[in-house]
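There are two complexes below, and they share chain A, which is joined by chain B in the first and by chain C in the second.
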Partner chain A sequence: MIKILIRYTILFVMTLLVLAALSFSLAYLFPGDVLVNLSGITPHNDAQRAALMRQFQLDEPYIFQFIHYVSELLQGNWGYSFVSGLPLREEIGIAMPATIELSAYALFIALVVGVPLGCFAGLRSYSKSDYIINSASMVSYSFPVFWLALVFILIFSLEMGIAPLSGRLSLLFDVPDKTGFILLDIILAKNIDSSLALGDALKHLILPTISIALISTASMIRLTRRSVIDVLNSPYIAAAESRGLSKSQIFFRHILRNALLPILPLMAIQITTLMTNAMIVETLFSWPGIGNWLIQAIYQRDYPALRIGMLAVATVVVSFTILIDLFNRFIDPSREKYERATV
Partner chain B sequence: MPQYSLYQEESQPSPWQRTWEEFRASHIAFTGLIILTLFFFIALFAPIVAPYDPLQQNIDVLLVPPSWESNGTITHLFGTDALGRDVFSRIMVGCRVTFGSSILLVLIAMLIGVTVGTIAGMTSGVRSSVINHTLDALMAIPTLLIAIIIVAVLGSGLVNSMWAITLALIPQFIHHTRAFVRSEMKKEYILASRLDGATSKQLFFHSILPNMIEMLVVQGSLALSIAVIDISALGFLNLGAQPPLPELGVILADGLDVAYIAPWNTALPGLTIFLMVLAINIVGDGLRSALRKRLSH
Partner chain C sequence: MNKGFHWVLGVCLVLTLQACNDSKRDAFYRSGIIYCSESNPVNFNPQTDTSSTTADATAHQLYDRLMDFDAETGQIIPSIASSWKVSDDGLVYTFQLKKGVTFHTTAYFTPTRTLNADDIIFSINRWRDPTNPYHNISGGRYPYFESLGLAKNIAEVNRINSYRIEIVIKQKDSSFLANLASDFSIILSAEYADYLLNQGTPERIDDFPIGTGPFKFQSYRKDHYIRFEKHNDYWGDTSLTSDHLIYDITPKSSIRLAKLITGECDAIAFPAQTELEIIRNREELALSEKPGLNVGFWAFNTKKYPFNNPKVRKALALAIDKNTLLEAVYFESATRAKTLLPNASWAFQSDAEDTAYNPVLARELLDEAGVAPGFTMSIWAMPVERAYNPNATKMAELIQRYLSAVGIQANIVTYDWTTFRRHLREGRHDSVLIGWSADNGDPDNFYRPLLSCSAIPSGTNRAMWCNKRYDQLIDEALQTQNTQRRKAIYEQVNRLIYDELPLVPIAHAYRYQAYRKDLKGMVINPYGGIRFVGVTKVQ
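Moving on, here comes the complex of A and B:
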């Protein structure tokens, strides 16, 4: 147990170091001045430039520069944006929760809808209802997310006028930014009508969430269905049937648990797709998330922002992936054995 | 295949023939294959087949609706866009750009991924374990992020976006190849060849690679659908192919300006991407279930 924890911690730290090294080397790879790329401050005269050089230890060898860079990162000095001049840490602190919030709701929908539907289809495999669910998931899995979001905007926002076009919340509500998660912020806010604000926020949420969730749900259905069918063919299900257990007993005691086990590591891969889709959809709905922020940064060639944004997004995604992997290792020790045998 | 044969069979169908039989038995998969072949031919012969030059602008026919609408004309089957360019020709050439570059980058990613994956799978020890785990973790970085970084370093363009997607796809191939080579290396037939004195190179080319091709085809079809979506997404976000190059995502982004008065300019390219991805997914799915059925018989 402790051994696994140590191993995963080492893996996590190693990956973060690789990512930090990548983000550090970007300062050199990007066009323009290394000092400006690293700090986000354009020096006005030679004296200021020399001072900055000393502050970022750019006159030292690369390895010391990198060590200094990492220590600055850990202290929270992430540099400044070219465009807004604000500290990048603040900007990311606002943008990142918005994306995580959007992805979390989409993932929630994918789990709540996808797993039961997948189980249903798997249990009635190769019947008519399975056929319909499977085809529907195949179709919705093939939608390019940006086009789907456009179609939603065209139908629900422009034609029918049910859902708002862009943003997170109507400007009429003044919600102070505390956690960065809009629903939590509304509940925490003091002097507004929370139920009205919540309703408005949900209206803003629904289109982007559904356009991301549709694709994740489809892949969830397919994964669950395949896994359930595989479990159904295994000998212990036949054994359970021969012992005279009822269908629901077999399903809850034997099928569900064993079918969900192999899905978990695949979910780690799903998170990447989910984040990518969330980042694309954000730009269409002007959702103030990290995807929108990064795309704006690349349009304006805001190199310090890109350097840190890349590190932040990659760190979040990699942490989630490793956490899921670790969790999976704990609840499924058979996998650990296999790994130990091969490594 | 019939369970009992009256005649003594002279020839046993090869694994590939049996897979093909199983694949053909599914009508949906076969339809998907036909659509995919159609896309393939469009991609190959688009410049010859397309009725107009996709870049030619014509002020006389701005925003002509598609031919099935009451005021559309048959001379422009899918109508024209805001610059009077023929949408049908643009979509055809767009298929060539999107589909062709996707196939190319999947092949490159496969080549690199299989090479690295085989080396990782055949070696063992702490170093390979560290490399493997770090690669697995890096696999999680979204394509969009890699694309943004590459665009920032090298500038935007179709080739640069292709590199970004190739980079993002490589870890998957490495992962699957490594797992496959690992599990194969433990089997008896490998041990037998090894006892015969086969070198690792011979082992790979004569024993492992023939068995791996099926896995590669299935993984390749998955990667292809991801590549098509990603390349058009990057084109759409103005990070990949640049206008006026008719890439499907770029055509879609162009049509966005007139989406309200000329919805066919966004609907048709999007529908084409959707159909292309759907066909790839259906064929991939059919292939997987055909392989599964063959193995279970």
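Moving on, here comes the complex of A and C:
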């Protein structure tokens, strides 16, 4: 077990190093002054410039520059945004939780809705209800998330006026950013009517969460269904039936556990799709997350922000992926190399 | 008691709680106004910046001025100064200040005294006196005061007593009071400035503002929001003012409109001309409009042949149909301009002469001036969208067609905005479609920058036109305080412009204010930034 842990740690660190190298090289690849791209500060005079050069060790060979860059990153000195002049760590610290929060709710819905529906369809495979569920998931899987979000805005916000179209919370609520997770922040905030604010936040959450969740739910249904069908065909189910176990016993003891195991590693892939979709949807709903933030950085050619933003997103995705893989290894140590389930 | 009764009682209780909850919720959502603004303010001091975004966010919310413009009549009315007196020679202005005017108490500063003469002197000296410790904070540029030469014209600012000050100027200037009433002449707190200086953080003065206005600053997050809170001890009437005011910074005009429709904004900045119809058609939205203080025009480079000949300029003016331009370019969101002054100005002359569309006469005049058919000229069209000309290229194309009807071939020229202005200043153009937005209601704010000789080097006189008589007249107009007398002089000026036609005034664009109908008290202020004092949300 320790061996696995060490292997994963090495994998994690190496991936991050490659990412850091990529992000470091962006400072050179982006147009403009390397120093400015790295620091986000435009020096006003030569003395200031020389000081910054020393601080970032830009007069040293590349390899030393890189080592220095990584140590600065670890210490939390991520540079400053061109546009706002604020420390990037602070900006990402606000934007990233918003994206993670949105993705988490979408994932939650995908699991709560997708897994039961998938089991249901799998148990009644090739029946009418299976076909209905399967084709519905097929249809919603093929919606482009961008289009879906726009249609939702058009119908539910502009026509019916039942859901707001931008942001996380009405600005009338003065909720300080403590954790970056809006529901938590509301609970922690003082001097506001929490129940009113929670209601308002949920209203803001509905449309973006559903736009992202629909697609993830669809793939969850299809994964679960396939996996359940595979398990149903395995000999131990027949054995269990012959032992006279009841249907619910068979389902909970044998089918569910075995069907979910191959899905877990696939969740790792789902996380990437989920985050990407979340970032797209954010820009449409003016959700103050990392996707929206990166788009703004692109518009305004905020190179330091792009460099760090890319690194931050990649780090989050890599961490989640590796954690889920690791988790999977722990609960299912029998597999030396994890197998992929089929869709 | 039977079970049925229990049920009824329970349902009633739930309904009452629900109703109570609803009214609480409604009261909460009515407690603040959300205004969707178009951009970030540079900082929170309009002295340092002339952009309308900064003025909208600060001038009438956080601060007061010595005087204000009445939004209806354009007259100068008392604000912090309860009264004022101008000496007979027009060089000494004495202001009597109101007593008991309180500054904001915020998380970062608690004032110990009310407003007095020191605050006025500090506020003026900040932009006037380069030795003031605050002069160079936030860049040390005060564009509004620099462009009008105001700092140079003030000889001294004296304190007579705690509530009376005197400003001595060097040369008579009848637009002086108007300049002190503009958005940019705000009153800062001298006590706060001293406090910051002691703390060693003077740069905070423009980012964490303290003023006397109806709202006080709470917090600001760039690209997201600005929060204001009602200033409960405001000297003016705030019984109808909302408790909270929030600027939701939303750069895209279509998103601002969408948020207005869903009710996420109560009012929005700058609705696009193409969206006005949508707003008018929506029952819950209101659109009020007022002629703005601006003018869009077509200026000829009078330094170049044949545009140095007034006859040619007249011919070109007669060749175009202004009404068609108005319909096609402004979508009827502008009024036809006869002179430089829009009718929002007190000096507006309703019976001024105007050129009428007459291509036949135009051709005759061109022949008289010796401009043969087939003559080629350039029309420069500005590359940016402005209220006074939302689409200069389209207008240029229309003019091009009108000109070809009188045998003149026109080429349309455009560059990026910076290059465009630089080349204009160098006088490379034959003619240009551009305009002007004024900062206060004073007519001098139009006449001087647009056509005076001294405005050629500073780059606002696009016609490169220098006329001794014109300069004499507009200087003369500043020598008198009598508005009737001034108006008469400006009528002569209008006559002169009509005869000479260095530029063809085309349109005065309206200013629009789009808001939800449940917002009461919204008034368009043609003389500067938006005002939220006295605005409330009702049921």
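By our rule, the second predicted complex is superposed on the first by the 336 of 343 C-alpha atoms of A that agree within 3 Å, B and C clash if a C-alpha of one lies under 4 Å from a C-alpha of the other, contacts with A are read in each partner's own complex, and residues count from 1 in each chain.
Just so it is clear, contacts are C-beta pairs under 8 Å (C-beta built on N, C-alpha and C of every residue); 3 or more make two chains touch, one makes a residue touch a chain.
These numbers come from a predicted model, not from an experiment.
Student: Looking at the overlay, does A:Leu158 come into contact with chain B only (first), chain C only (second), both, or neither?
Tutor: both
Student: Looking at the overlay, what does A:Ser166 touch: chain B (first), chain C (second), both, or neither?
Tutor: In the superposition, A:Ser166 touches chain C alone.
Student: For A:Ser248, using the defined touch cut-off, is the partner it touches chain B, chain C, both, or neither? Pick first, second, both or neither.
Tutor: Neither partner.
Student: Between chain B and chain C, pick out the one touching the greater number of residues of chain A.
Tutor: So, of the two partners, B touches more residues of chain A.
Student: Contacts for A:Asn45 in the overlay, against chain B (first) and chain C (second): which applies, first, second, both or neither?
Tutor: A:Asn45 contacts neither chain B nor chain C.
Student: Going by the contact rule set out at the top, does A:Gln75 touch chain B (first), chain C (second), both, or neither?
Tutor: The answer is neither, since A:Gln75 touches no partner chain.
Student: Contact-wise, after the overlay, does A:Asp193 reach chain B, chain C, both or neither (first, second, both, neither)?
Tutor: second
Student: Is A:Ser84 in contact with chain B, with chain C, with both, or with neither (first, second, both, neither)?
Tutor: Only chain C is touched by A:Ser84; chain B is not.
Student: For A:Phe146 in the superposed arrangement: first (chain B), second (chain C), both or neither?
Tutor: Only chain B is touched by A:Phe146; chain C is not.
Student: In the superposed view, which residues of chain A touch chain B and also chain C?
Tutor: Comparing the two interfaces on chain A, one with chain B and one with chain C, the shared residues are 158.
Student: Under the stated contact criterion, what part of chain C meets chain A in this complex?
Tutor: 24-25, 28-29, 31-32, 34, 218-219, 222-225, 227, 244, 246, 248, 250, 255, 258-259, 261-264
Student: Under the stated contact criterion, what part of chain B meets chain A in this complex?
Tutor: Chain B residues touching chain A: 28, 124, 129-130, 133-134, 137-145, 148-149, 151-153, 182, 225, 229, 232-233, 236-239, 249, 252, 256, 259-260, 263, 266-267, 270, 273-274, 277-278, 281-282, 285.
Student: Can you list the chain A residues touching chain C in their complex?
Tutor: Interface residues on the chain A side: 83-84, 86, 153, 157-158, 161, 164-167, 170-172, 174, 193, 196, 286, 288, 296.
Student: Spell out the residues on chain A that touch chain B in their complex, using ranges where they run on.
Tutor: 11-12, 14-15, 18, 26, 29-31, 135, 138-139, 141-147, 150-151, 154, 158, 268-269, 271-273, 275-276, 279-280, 283, 291, 294-295, 298-299, 301, 303, 306, 310, 313-314, 317-318, 320-322, 342-343
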